[in-house]
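Same chain, two partners: chain A is paired with chain B first, then with chain C.
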Partner chain A sequence: MEHKVISRENLGKWLDTITREYDLIAPTLDDDVVLFKEVKSAARVLLDYNNTVLPAKDHFFPQTETVFRFKASAGQLAIEPEPPLARPRVLFGVRPCDLKSITLLDHVFDGDFQDGQYLDKRARTVLVGLGCNSPQPTCFCGSFGIEPGSSPAADLFFTEMEGGYLVNIQSEKGKEALQKGWSFFADPDAGQVKEASERAANAKKALKLSVDPKGVKEELDHFFESPYWDEISPKCLTCGICTYICPTCHCFDINDTSGQAGERFRCWDSCMFTDFTRMAGGHNPRPTKKERVRQRFLHKLRYFPDRYKEYACVGCGRCLQKCPVHMDITQIISDVKGGKLQNAAK
Partner chain B sequence: MVAKAEAMPAKCRDCDYPNPVLSDVLIGEEVQPRQITPQDRYAEVVELESYKREAKKDYWDKVFDRCIRCYACRNVCPACDCKECVFDQVEPRWVSKAVNVPENRIFHITRALHVAGRCVECGECERICPMHIPIRKLNKKIAKDLGELFGEQRPGTQLDEKPALGVFAVNDPEEFM
Partner chain C sequence: MRSLFKPETAVIKGIKAQTPDTATYTLAFADAKKQSDYSFRPGQFNMLTILGIGEAPISISSPVDERLTFDHTIRRVGNLTKAMSSLQEGDTVGIRGPYGNGWPVEEMRGKNILLIAGGIGLAPLRPVIQQVARHRRDFGSLEILYGARTPADGMFSDEYAGWRGVSDTKLWLTVDQVPDGNRWDHDVGLVTDLVEDRMESKPQNTVVVMCGPEIMMKFVVKALLARGFKPGQIYVSLERRMECGVAKCGHCQMGPIYVCKDGPVFNYAEIKDLPEEVL
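Showing the complex of A and B:
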């Protein structure tokens, strides 16, 4: 793999340079909330952060997105599709957990159905990863085979080191973005490559939380019905925090605005909401918390692997941090492994 | 080590009801309540009130813009008790599922006004908001206005007290009539 190094100072210069040709999306502060947002200048890019409150998915699969606009007049209906991105984008500072989640979303949006709007954003975005040097207590990416210090899903991968960063060039698309400011980068010496790989190894060791998901899907195949779901669901508030801050949750709704002119839009939806499975006639096959909580965990740990052979969790730990009632997916995985569903069913 | 004051949620730092107002059994000793003056209690609200109309709008639009409408603030609220919330209602759907400033504004203002006079200021809404929306400011503004109109009440602290908006008195202010 080709490597380069860049100083902290030059990183800002490179980011400023690429804004001439790319839209730059990077972690930045909105009051005190760290979010991926478009920034016009490198000065607004936050480099010292654990992770963003919302994952990067919003930039490929926005919370609310126009699909097309319509206008009816004199018996004629004009439909104008949403235009593709005006400029290519660089998405800077994505952690390995979120990078992995984008490849999981690819299964959904780049599968049998080719989702044009997602694919346009995906094809025209350079993914720049940033290794985690100090995982948080809620991080468990390692449990899903993700390394906090590297990611094959990125076009460019940055590892922070003394005074700067080592850059792994992982695709042509990435190299092209790097070359917009090629002079800001230098060739690393052997010591620097070694330092970066040591840092990545240390980050992996620093992961405190782990759980073993092997065999969880197979166990869950037998326990759609289990009193376990009755036991864990009462505390759930059925708000949508977990689904909206989750980098792999991807359920959406489609609506039209009403009137002679308007738009069709799609927006995130949540299996935690009461109206999520409400049928036109009023019937709701998931009427209580039990069915909704079960759905969320079965989707991540059984249905998604059924379809795509991978779990729909990347161990980013956001739901562990933000759930108001501390619903803990690592605990649920442990319970499944520990035979709790089986025992509860007896 | 983290100082206690730093680790405490903001809602606890300005809480003047550290002891349960009603209990059959109280575990532990009663805590001396902090004396919080109305000036301190409403300091943030008074500051916002001093903003010009446009600046107020800009302030709230900026924070409402990042709301993801997860509804955690509503679901955790002890005063929210509608069997079917207007924001979940499908027929008709009053508020679009689209997340944008106008829809978010309607959500927050409706939520705040619907708990007016019943909000016990537990502050859970703000504590759990993943997007750090200053929800307590809205609640406090309404509490302050209610106090000025109907006399200061602290909902949830007096069992025999009727909420200001739940009763009618002939001397209620009726500026609009």
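Showing the complex of A and C:
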């Protein structure tokens, strides 16, 4: 793999340089909240942060996005599809957990029915990863085979070192973005490559939270019905925050603004909500919290692996941090592994 | 950039009332080439759009070899279907599709067909009846069991005589109740009663195709299994809330299955042990 190094100072210069040709999206700090936002200047980019409140998925599968605009008209429907991105984008500073989650979303939005809006954003975005040096107590990416210090899903991967960053060039698309400010980068010496790999190894060691999902899907295959779901579901508030901050949750609604002219938009939906499965006639196949809580965890740990051969959890820990009642997917995985569903069923 | 969700314009060519709350809309794409290129399998559905209201999945209720138009039989139950009922001939709607798998017509060839429907569930099965009628020698006997709430709620009632006229075809009708003053020369009771009291079909060499309320299908399946039918010879069409129609939005998930793309038609053997609130 090709490596480069860049100083902290030059990183800002490179980011400013690429804004001439790319829209730059990076972690920002506003009102104490860290989010990926479009920035016009590198000065806005937050380099020292743990993770963003919302995952990077928002920039491929936005919380709300226009599908097309329409006007009332006699005869042909007057529909104006959303244009593709005007400029390519650089999404800077994505953590390995979120990088992995994007490849999981690719399973959903690519495939037999290709979702043009998602895939356009995906194809025209340079994913720049940023390794974690100090994982948080809620981080458990390693449990899903994700390294906090590297990611094959990125076009460019940055590892922080003394005074700067080591850059792994992982795709042509990434290299092209780098070349917009090629002079800001230098060739690393052997010591720098070694330092970066040590940092990555240390980050992995620093992961404190760990579960073993091996065999969880197979176990869950047998425990759709278990009193366990009755036990864990009452405390859930069905607020849906877990689904909104989850980097792999991808359920959505398609709605129209009302009136003679407006837009059809898609927005995130949540399987935690009562109406999620309610049909026009009023029948609701998942009428209570129990079915909805069960659905969320079975989707992550059983149905998604059934369909796409991978678990739909990347161990980012956001749901552990944000759930108001401390619903804990690592505890659920441990319970499954510990035979708790089986015991509950007896 | 190709939009997965952009509907094509279709014009309402005709509207025929079926019951007090249901009508069949005959549609054709405004673009003649789109219409001539459009084909579907019996049992598939379209996402139907009224701009400013939204979209809903609606099964196609016309025969597959009718290429100039296609039908949607729509009951007023939700926002879109209510808005639909205020449209007139010449008005336009949006259509994207067809989606879903459809009935197993190839497997049905040469076999006897037992067709069981309740209420609006007859709509996605009408193309099967029409295909058998038009290609009679390709199929064995056809027996239809159909139940509605009242005599006035029976779909396609002006076509029953024609269906009875198709050789080697039987049609049994039942209603839940007959309001005072209504004339009704058929059975009163559940579709399950038709299975028990009227049905002549035997399990041998028969394919069962069924669509109706899940509670009806649940009990009919039980009755069929008790009569020696095997789960593998029963096909059911299911309904779930859908937004995208293409296995992405998540609403129609039923265990690992997406009803929109993996169904809506399922072999009962494949779903009977499915861990979801179904049948």
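FYI, the second predicted complex is superposed on the first by the 343 of 346 C-alpha atoms of A that agree within 3 Å, B and C clash if a C-alpha of one lies under 4 Å from a C-alpha of the other, contacts with A are read in each partner's own complex, and residues count from 1 in each chain.
The working rule: a residue touches a chain if its C-beta (ideal position, glycine included) is under 8 Å from a C-beta of that chain, and two chains touch if they have at least 3 such contacts.
All values reported here derive from a predicted model rather than from experimental measurement.
Participant: A:D269 contacts which: chain B (first), chain C (second), both, neither?
Facilitator: both
Participant: A:A190 contacts which: chain B (first), chain C (second), both, neither?
Facilitator: neither
Participant: Counting only touches as set out at the top, which of chain B and chain C does A:D112 meet: first, second, both, neither?
Facilitator: In the superposition, A:D112 touches chain C alone.
Participant: Please determine whether it is chain B or chain C that touches the greater number of chain A residues.
Facilitator: C
Participant: Just checking: does A:R278 make contact with chain B only, chain C only, both, or neither of them? Give me first, second, both or neither.
Facilitator: both
Participant: Once the shared chain is lined up, is A:I245 touching chain B (first), chain C (second), both, or neither of them?
Facilitator: First partner only.
Participant: For A:T64, select first, second, both or neither according to whether it touches chain B, chain C, the two together, or no partner.
Facilitator: Touch partner of A:T64: chain B, not chain C.
Participant: Could you tell me if A:Q76 is touching chain B, chain C, both of them or neither one (first, second, both, neither)?
Facilitator: In the superposed model, A:Q76 contacts chain C only, not chain B.
Participant: Between chain B (first) and chain C (second), which, if any, makes contact with A:A86: first, second, both or neither?
Facilitator: The answer is neither, since A:A86 touches no partner chain.
Participant: Given the touch rule stated above, what does A:M1 touch, chain B (first), chain C (second), both, or neither?
Facilitator: Touch status of A:M1: no partner.
Participant: Give me the intersection of chain A's contacts with chain B and its contacts with chain C, in residue numbers.
Facilitator: Common to the two interfaces on chain A: residues 253, 255, 257, 269, 278.
Participant: Report the residues of chain A in contact with chain B in the complex, numbered from low to high.
Facilitator: 30-33, 35, 53-54, 63-64, 237-241, 243-245, 253, 255, 257, 265, 267-270, 273-275, 278, 322, 324
Participant: Could you please specify the touching residues of chain A with respect to chain C in the complex?
Facilitator: Where chain A meets chain C, its residues are 67-68, 70, 72, 74-77, 79, 81-84, 108-109, 112-117, 120, 224-225, 250-260, 262, 264, 266, 269, 271, 276-281, 283, 285-286, 291, 295, 298-299, 302-303, 306-307.
Participant: For chain B, which residues count as touching chain A in their complex?
Facilitator: For chain B paired with chain A, touching residues are 62-63, 66, 68-72, 74-76, 88, 90, 96-100, 124, 128, 130-132.
Participant: Looking at the complex, which residues from chain C come into contact with chain A?
Facilitator: Within the complex, chain C touches chain A at residues 1-9, 30, 49, 51-56, 77-81, 92, 94, 214, 239-241, 243-244, 246-251, 253-256, 261, 275-278.
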